[in-house]
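What follows is a set of structures to go through.
Look at the two complexes coming up: chain A is in both, with chain B in one and chain C in the other.
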Partner chain A sequence: MNVAENVTPVRRGLTIQQKKAIWAWLFLTVPIIFFVVVRFYPTFDSFYISLTEWNIVGDKLYIGLENYKRLFSDPVFWIVLSNTFEYLILGMPISLLLSFTIAYNLDKIRFGHTFLRACYFVPFLTTAVAMAWVWRWFYQAAPIGFFNNVLIDLGLHQMPFLQSTTQALPSILLPAIWAGLGFQILIFMAGLRSVPTSYLEAAKIDGAGRWQVLKEITIPHLWPTIVFLVVMSTIGFLRIFDQVFNMTVDGQGGPVNSARPLVLHIYQSAFADFEMGYAAAQTVVLFVILLFITFIQFSLMRKK
Partner chain B sequence: MKKHLLALVLGSLSTSSFAVDIEYWQYKFDARVKTVDALIEKFEKQNPEINVKHVTFPYAQYRTKMAAAMSADKGPDVLQLYYGWVPDYYTSGLIQPLSEKYISSKEIDEQFYSFVQGMKYDGQYYAVPTAVRTLALFWNKKLFKEAGLTEPPKTLDELVSYSIKLTKRDENNNLLSAGLTVDLAEQDHHWWREVLIRQMGGVPYLNDYQTTNYTNEAGEKAFAFMTDLLTKHEVTTPRFMDEGQAAFKAGRAAMHIDGSFRLSTYNKARRLEWGVAELPSHNGIKSNFSSYWVNAVSKKAQGESRDAAEKFVAFLTSEDAMQLWLDNVGELPARRAVAERPENVTHEQYGPFIKGLGYAHTTKFKSEASQRQTLINAFDSVVLQGISVKDALLKASAEEQKILDKK
Partner chain C sequence: MANIKTMPDIKKIIIWTILFIGALGMIVPLIFMFSTSLKVGEEVYNLSLIPAEPTLENYVYLFDNSEFFTWFFNSFVVAIGVTVSVLFFDSLIGYTLCKFDFRGKKIIFVAILSTMMIPTEMLVIPWYIMSKNFGWLDTYWGVMFPGMISGFGVFLMKQFFETVPDDYIHAARIDGLSEFAIWWKVAMPMVGPALSALAIFTFLGNWTAFLWPMIVSNDPSLYTVPVGLASFSGEFITEWEMIMAGASVATIPTLLVFILLQKYIVRGVVMAGLKG
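Here is the complex of A and B:
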């Protein structure tokens, strides 16, 4: 039966492209379902919860914008918000400046390069909780506090550090910056490696100084890296929690709320006071702030 | 064949009507878990038709998990609750009153310490404790000896003068050892509310703990008594050694006020010679603070399960269970008759705590954590920021009243 052989094969089913697409979607559905169930649904649900009064135990009671009204008239909320921005405004530039300086200089040296890089990276690998507790003890008064023992040995007065309404926030910020440094250095180093050496050599031949090279060639090339790190560290500092929770008494955020950030305030409202609606209202505010800042940063930095 | 089937059906019917499974939840604390396991074994021997499943969670997650499970109807039949959480559970209808079958209201009224009556709503008990806790003064015998003192202080005046004597500093005035720990994040906020204010002639709250009542002479005197220990007498520094109990355990504090649950910690501490004494009195007034955990039957337990659950609660709050709890966990019996057995009252460690039971008060908290925080903030603003006691208390009172006024 030659007839069958001669018949051009009828294209049954799907093209290769379609098949590929189906497979791609098949693989994508798993994470999509996962994200919808554990990310998007709770996110949208928290918008609803923020309009209710709910102590987990009982039923949710719809109260409209009551939680938001209460939030904006709560003096502690404004303290907490200004603390959060203090973490950001101090933490972000300091950490970026430090990590860039370290990365820039580390990039120039050969001797001990790997070892030094590892040294800077180790804190990033360490559990935030363990590190926070070690620093908490560093900051104690003598006889157990490391820093205060050093001060005493130098013949100086003890410092209150975490037990002070003015020193608590910077004292907590320091280890937070230190912990994130390794990651930022690594990203900066990768960025620095991507600057074409031919540009640098050409500039050198033309007699450009170190500062000029940095300003005209290195930094413009690093721009995408900087944008990425600014956004990441902004989000990081706005969400600071682990260090504050573990370094302050009972996770309360320092004496008289002096170091309490917004996320900790949310946590305390939800899991100490069991005011889920009030806590959800705060998360919505944080969400809006994060969205707004990230949007502004992206649009500002993309223009350059 | 038919006969066999019938026998099978009947057999399964009869076992299902006899065996009841109930679940008991509490938080994880080694001594508590072992004690409850032992009690369950005994209970099941007495009641072979009831099986009790014992489930525990780490303390840090206990409250959240319990609340989430209970409102989702996935909770246990019998649960352990902190007394301060009971109002929420009662209002939300998550727990059931105990019928008079195994333990009567009259029995609880008459035989338990009177503050347990806080668990009664409309004449019915919704929860009963096995054990209760009070405060006492821990003192370091070695440091007392070094300072030439032999006895723990009996009055607040003695407490201050002893504390000053017992404080050790180096030549540059750095604190080496505290005379008395002051730590509001631990038990000292209770000491101020229920003990110091009353000793200064006040009452901390009015209207059944609905209204704060400490922005007056008694409240201020009591608060100044505590802040003076740091600012005037300098017997310790804020958060010395991070936690008061840690300082005492390390032998770096001569005196420390804490609850009976701390006994097991110090019993395990080597090279620490310590004693326990009743809280110092003042103006001839003795007072103490008591808190407790209760057993309650959840709304999930119905029919046979409810009956079994109530039987189990009655068993957990029997005299034998209480003595076992005291011996194993170190928490005090909630029944007078057991607590006041001669061997318990004269006990070197339990004695002072049990004596405190007789004159203890139980604060009805709305939210213990946030009410405590208002006080800690007031304390810090006096000690660290130099704000006057009066202003700090005015602010604290306003904030606490807001918490109390919440629905």
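Here is the complex of A and C:
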């Protein structure tokens, strides 16, 4: 009996494995508290708030799904939702096509490469708020605005840009595309570098044309990069806010809400109208849309 | 005789020219912003790229009549504070999840990853209520607390700690270093590039952040640069030369840092983008 007890390691304290586990949990204590308090609890809280009527000062009143019913019967919400998708459906393909075309050609150029790359990348480092005001100034009527001055110099009519219900949204979209282009170009170029040159040369020897090489070799190789950038820019355009808030009068989202995206609607509902429950219901809608897109990303990634 | 291969290809020259024009187009807004900020009076309406009589008048007026210095300082405190915290915690978590085996590890990792799917916009209302209840409105902590640890950074650092050989860690353990010292003195120096990539992304993200800082600060002396600039521009709405001066103040420091550190920033962005 005594002999057996002496052999067991228990008497010598904890095993290395146990010690390491204790260290691991020690290292994770603060992070776990953080993620629970600042990420998970607020997420559930948002769901709960969306089921209440609350002006932040008084008591929460549980009203079930009333906020959602109101949301889906509110014509402004549908305008806002369609604006949000318009930013996405225009912005994502245009920015990706542009950035891919630029990256594909810039990749082959040696002369002035660093300078050109820097020019394309620099807008990515700017503050969206500052650039929104620069572009807002560009869109002003003559003699102030740059674009209208150019139009007049070319003998054309002025355009209303931000004052127009049809032009406001694309006018705001342009600086958003402009600012994000540099990041996408860099990522595409890094992806292009990873395509093995032996494949490309073999294809050329086999007599494949430029388009064929692009279609059969380059793009399949870039698939993970493309999926990554599609998802990143999709999320970015669905969450557009800074530009719209700063480029429209009083941050209202353009004439008769014509350029108002979902996040701006959330902000106005919560922090201008103090309808917390109604705003929270909108954040839940945003969450569901983003979750759906992440799900599609995972299935696309698995395909290749 | 020039070899045919070395002769400049017409097609290449055309492509280069198009790319060059495009590149200039990209920076034109920045050049106009800066040149207009140096103009006063009627010259503002003259859209020349180089001001006839450049003056710093707008900047002097701006610094005298707004709290831009304070906003700058605030932005620095917030962006540096968050970046230091993210670097510390994200690399500690990433290291723990990479190099330790313990029950529940997978759940913790998946839980942290899943937070990347929660949009900030969904959290701002609860964060605002939290800040209001705890008295964090109009404080640095109020602006900073939501970003102190990021799921993205944990994911990035975990991947980079995979490149640290386990032998080094075992050797350090045999030498009697504590687990904390092994992480700090052995593992951390080996993931320098990843740390600088994470630092660049975190700093830039916080330097330009707008929605949450605007919500949490009502007191102009606690605004960050983007929030201050938005309120300043709203006030000076027809004086575009003043707005351009403000936009320049917000933009030019980051551009100078970029020019100095271009190589590292480009590498860092690519690294964080590809691994993230």
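We take it that the second predicted complex is superposed on the first by the 267 of 304 C-alpha atoms of A that agree within 3 Å, B and C clash if a C-alpha of one lies under 4 Å from a C-alpha of the other, contacts with A are read in each partner's own complex, and residues count from 1 in each chain.
Quick note on the criterion: a contact is a pair of C-beta atoms (placed from the backbone, for glycine too) under 8 Å apart; a residue touches a chain by one contact, two chains touch by 3 or more.
Keep in mind the model is a prediction, meaning the values are calculated, not measured.
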item: First (chain B), second (chain C), both or neither touched by A:W223; value: neither
item: Contacts of A:A141 with chain B and chain C, given as first, second, both or neither; value: first
item: Chain B versus chain C as contact partner of A:W78, first or second or both or neither; value: neither
item: Chain B versus chain C as contact partner of A:L106, first or second or both or neither; value: second
item: First, second, both or neither for A:F271, with chain B first and chain C second; value: both
item: First (chain B), second (chain C), both or neither touched by A:N257; value: first
item: Chain A residues touched - chain C or chain B, whichever exceeds; value: C
item: First (chain B), second (chain C), both or neither touched by A:S164; value: first
item: Partner chain(s) touched by A:N55 [first = chain B, second = chain C, both, neither]; value: first
item: Chain B versus chain C as contact partner of A:F298, first or second or both or neither; value: neither
item: Those residues of chain A which chain B touches in one complex and chain C touches in the other; value: 56, 137, 140, 143-144, 271
item: Interfacial residue positions of chain A with respect to chain B in the complex; value: 53, 55-59, 136-137, 140-144, 152, 158, 160, 162-165, 249-250, 252, 255-257, 268, 271-274
item: Residue numbers on chain B that touch chain A, as the complex places them; value: 64, 67-68, 70-71, 88-89, 91-92, 94, 172, 174-176, 185, 237-242, 252, 367, 369-370, 373, 376-377, 380-381, 384-385, 407
item: Touching residues on chain A, where the partner in the complex is chain C; value: 17, 20-21, 23-25, 27-28, 30-32, 34-35, 38-43, 45-46, 49, 56, 102, 105-106, 108-109, 111-112, 114-131, 133-135, 137-138, 140, 143-144, 146, 149, 175, 178, 181-183, 186-187, 190-191, 225, 228, 235, 239, 241-242, 245-246, 263, 266-267, 270-271, 276, 279-280, 283-284, 286-287, 290-291, 294
item: Complex contact set, residues of chain C against chain A; value: 12, 15-16, 18-20, 22-24, 26-27, 29-30, 32-33, 36, 44-45, 47, 89, 92-93, 95-96, 100-103, 105, 108, 111-112, 115, 117-130, 132, 145-146, 148-149, 151, 179-180, 183, 204, 207-208, 210-211, 215, 225-227, 229-230, 233, 240, 243-244, 246-247, 250-251, 254-255, 258, 262, 265-266, 269-270, 273-274
